Amino acid sequence: MLSFGNDYSYGACPEILDRLARTNDTAFPGYGSDAACEDAKRRIREACETPDADVWFLVGGTQTNQTVIDTMLAPYEGVVTVDSGHPNVHEAGAIESTGHKVITLPHHAGKLDAAELDDYCATFYADDNHEHMVFPGLVYISHPTEYGTIYGKAELEVIAETAHRHGMPLFVDGARLGYGLTAAGTDVTLPDLARIADVFYIGGTKVGALFGEAVVFTKGNTPKHFLTQIKQHGALLAKGWLLGLQFGTLFTDDLYLRIAANANRQADRIREALRERGYTLTFEAPTNQVFVTLDHPTIERLQAHVRMGFMEKADNEHTVMRLCTSWATTDEQVDQLIALL
Amino acid sequence: MLSFGNDYSYGACPEILDRLARTNDTAFPGYGSDAACEDAKRRIREACETPDADVWFLVGGTQTNQTVIDTMLAPYEGVVTVDSGHPNVHEAGAIESTGHKVITLPHHAGKLDAAELDDYCATFYADDNHEHMVFPGLVYISHPTEYGTIYGKAELEVIAETAHRHGMPLFVDGARLGYGLTAAGTDVTLPDLARIADVFYIGGTKVGALFGEAVVFTKGNTPKHFLTQIKQHGALLAKGWLLGLQFGTLFTDDLYLRIAANANRQADRIREALRERGYTLTFEAPTNQVFVTLDHPTIERLQAHVRMGFMEKADNEHTVMRLCTSWATTDEQVDQLIALL
Amino acid sequence: MLSFGNDYSYGACPEILDRLARTNDTAFPGYGSDAACEDAKRRIREACETPDADVWFLVGGTQTNQTVIDTMLAPYEGVVTVDSGHPNVHEAGAIESTGHKVITLPHHAGKLDAAELDDYCATFYADDNHEHMVFPGLVYISHPTEYGTIYGKAELEVIAETAHRHGMPLFVDGARLGYGLTAAGTDVTLPDLARIADVFYIGGTKVGALFGEAVVFTKGNTPKHFLTQIKQHGALLAKGWLLGLQFGTLFTDDLYLRIAANANRQADRIREALRERGYTLTFEAPTNQVFVTLDHPTIERLQAHVRMGFMEKADNEHTVMRLCTSWATTDEQVDQLIALL
Amino acid sequence: MLSFGNDYSYGACPEILDRLARTNDTAFPGYGSDAACEDAKRRIREACETPDADVWFLVGGTQTNQTVIDTMLAPYEGVVTVDSGHPNVHEAGAIESTGHKVITLPHHAGKLDAAELDDYCATFYADDNHEHMVFPGLVYISHPTEYGTIYGKAELEVIAETAHRHGMPLFVDGARLGYGLTAAGTDVTLPDLARIADVFYIGGTKVGALFGEAVVFTKGNTPKHFLTQIKQHGALLAKGWLLGLQFGTLFTDDLYLRIAANANRQADRIREALRERGYTLTFEAPTNQVFVTLDHPTIERLQAHVRMGFMEKADNEHTVMRLCTSWATTDEQVDQLIALL
């Protein structure tokens, strides 16, 4: 069975496993107060070109979205996202469970439109009744988006500017950030992102680590007593150094971007093959997620050999399916997939 | 200044004030465990023709929506409503603050479409990832809706049937129920509603009382330890008999429906005058809320003499305004308003 | 049946009912944005001698505690109270339901000891693990306490000073404030309280009103967007002017203190009679609640004629019972009670 | 520096690291729906002798307590624990953040007394006002306790029986369960625990794993849609098979109990040395935590060479310190520690 169902199907890149093995007999203090975490934070600050950024490590993506969004919002505020945003759809109500509304705008191939954001806020504050409504308090976007698309630098800047004009910080979910930063044609670098976003995270779970997300607060804006708040959310890992070791490794010798680039290269090969064979790509996206609208006999035929992801029904005869590559995808696996198309 | 801004601008109908004055020196036990509440509950059960219904009294509408929705839902469930629904827009996130998502469907002149509800649920359960999503757990509608429109009996029945088929109870917000039950042409009676809905409330605040909403559980489905849960929501009135006295009065000699009918009659007069003068009614609605799309000079002219409600911008030159009548509106007030149109 | 079970058994003082009747045909804007509320706020600020205080009206005591405590605390903070405090015992978990821990210290006849508070905080911050613990964020006391006792001015000052030294505001629950301010021997005036506390409320429900509590923020410390937060807690009364009318009346011609003094005078008569007859007063308290430890035959005998409150088991043969007077208690009622003792 | 500060200072036992390395190139489905998890669950059910138990894997202890307690409680219920219980003290309010009160009873060397539990519940239900109070809904104990003490089988049975009699399930926090099951003189086996408790967990983080806690529901009492609820708590690990691999390894060839026994053996050696040298053991406890009351010069002297844990101030000259062994502690480390005493 070929595994293209998602980008979290394999363990960790070998450098990480080696590092864990080498440090297994070293005693570390708990809860992230260790040298491995300090080292990883320093490397991330350097890669971001933000010497004053505040870096924290959490375990998973939904946990990170829940913890960051809840602690960045006032009780009377909600988070603004596109309707296809992960916190709105696939986090089982994790945001609402902390008391906050998820305010949605329509997505455009997964992306938020700054003008629509501006209009939403302008209309909100012009409404005589807005004190009876949930205040827009934080803008959430993901980069890449749920549909694998990415923002350009200018787009990110205008979204950030719009958010700030309405008193909101910009939070960028980077669960797949490596794949965005290494996509063909992107003009967004990690320092760009660190400069533009108020808080973002660098995904490890989907990009080479066993688990882990590195949250970066870039503007001296870490929520007060953040360690306590992480603990309260059940999100403080006892053996925090495991996160430090993994991110320290990923940010040594550009490992993070190198392994991410592999996923995009493999996805590009799949996209090219799909186009050549006349398949319908649902979205034009340059990252590791390939969305393709397939008729049901084709789905059935492929699923005999390939694990794919269900995305959504297109019409009665077609379904949007997702083929995911990752840092772990090999040339051979893609060759086999292409042979089946 | 003529007061047509809302339907909660005046105190209470005189019968209620008289009753409060007459019983002011009587000692009652607290928290609703009194004879006045028992009497009011009996009268409501009789009016509903549901001898086994369980009736509770709360103070206000948002409080009632919050308490009922939160206590009827499991933690992994959200409430399904149209996007224009009060809990989605004008309750400052009261539902989310209790941990639950508000799941929205498009409104049709304020109303929920049963086929869209069915489709939403069918799609939800067909989605391979639905265990990562918020389960639809309760259907919320209001009758009349936010736009003054009403459901027909057959519409309510199919919504209830659809909700039940997908494992959800139907909750009807009746903050303005009197105005719905006495609207011209309605085929929905209070016993109909009590038969169709799993839980609903009879609004007092907007229909003759100083305050108060009577929640009716019709199917032996009161949430466990509901008194404790009301208390936990900060919603248990110490002098609960004040609610019993008011609802007991409203459900004596048909007072509730009689005073509600007045509001509709006055609104009908306004609608007729608006039509005659060529104004654009935004919605065709038979209850006490009159929505009219006005150009800005007209708004300015009228607002010198009439308190109206802002609803929403229609376009750059027009705004949707609301004229509200109530149980307290007099012929004379409407005459004066019409003279200004 | 004589009614001494609690202090919320009768309607409102006649001046309030008269005022409601006289204004019943006046149209008011909703949600407390009316002239009656403005007038009441002005009167309360004057009575408090705090021209800059910010006054808000809510409906009930638990609701007020829940709303004030939740909105004054950061998410990582809890409220510090004595173990007998109302929010710890008799609010069905209303505080915890908003996400905050209730941190308890032992009570001394219902009162908080400033030295114990100081010690708790010092120990907390000295604990290496305190970042894994709930931060003490607000000090809650009631005046009078649950046991009818009152603080002296110097006691309040040292509690406030202690709270402030540890970064906490002081919140005084004044559900029965009138009875505290008019107790024999008290040296605490309303201006004293307004000067010492950071936020407190003036109870209406138990002191002359149909319902209502007036929250006073004395230090420019109103939680941001407080109206929205009240709404989110389901605590915003549509006909807010009903609260303004009641408090405006209570703060005209010293009505509030005058009617409160009656309750204390009647309670003093009961206490004197109990002492004369050799009963055991459980607490020495100078306000409207009389606690008396009774043997079970006496309880049975009295309960045939008098409604009393159960407080707690004393031992196998005795129970602590509560006799409550109020603004509404008459000489005749107390005469009859005394005759039964 | 000798590391006796806690029992989560080292990585994982070598068998686990080997297994992760061997399976690193295997594709697994996400979120715990994999063969490694199935295998581990089967092994745990066998070790528990509960063929029908339902087993789930979470990442950390606070997260597990938060998720289990929140999902087992009704909204009007709180969890009953001793005051020294981890959820009451060291989880930063994680339980309250989900809306539930932590109800405390006094601890006895960390343990709950069944008679006090019984008395608390009897008093609660006998209180006329208990509907205004938080219902006791679940009994939480830890085995071993925070002070390293353990329950006997008969003690556990009477606690369970008491809990059940008052309508509560018994939840046993087994973050250090291995150390309890292998303590000298214990009569509690894993099958005993599985038979007595309604839900418990087997700690991996502190007993040989990188991370992970295995929750066991023994009575067909798994909360509905538990996967969704785990997700909502931010506690669902994407690469769930990492948990399955670790627990599968720990429950192969009795590895879990074998490595746990080492910690107790090393702790026994430390206790013996302390006793011989005349130190004061604060608690008589047979597991891996050694509590010793030290004067401050001794603490200073030892801390130059040994990492210890601060527990609490004993008096002005003495502090209770904790020395922790673990599965990873070596004879040599203990020899060096003893030489320093």
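So that you can tell them apart, the chains are marked A, B, C and D in the order they are listed, and the count of residues begins at 1 in each.
In the analysis below, a contact is a pair of C-beta atoms (placed from the backbone, for glycine too) under 8 Å apart; a residue touches a chain by one contact, two chains touch by 3 or more.
In this text, all values refer to a predicted model and were calculated from it rather than measured experimentally.
The chains in contact with chain A and with chain C alike are B, D. Among the pairs B-D and A-D, the greater number of C-beta contacts is found at A-D. The chain with its Cα centroid farthest from the Cα centroid of chain A is C. Each chain gets a centre from the mean of its Cα atoms; for chain A and chain D, those two points are 33 Å apart.
Measuring from the averaged C-alpha position of chain C to that of chain D gives a distance of 42 Å. Chain geometry summary: the mean Cα position of chain B and that of chain D are 50 Å apart. Shown for chain A are the residues in touch with two or more other chains, namely 75-76, 91-93, 97, 99, 131-133, 228-229, 231-232.
By the touch rule above, chain D contacts chain A in their complex via residues 1, 3, 5-6, 8-12, 14, 17, 20-21, 23-30, 59-63, 66-67, 91-94, 97, 205-206, 210-211, 228-229, 231-239, 242, 307, 328.
Chain C meets chain A in the complex at residues 70-71, 74-76, 99, 131-133, 135, 224-225, 227-229, 231-232. Contact residues on chain C toward chain D in their complex (touch as defined above): 75-76, 78, 89-93, 96-102, 123, 126-129, 131-134, 310, 312-313.
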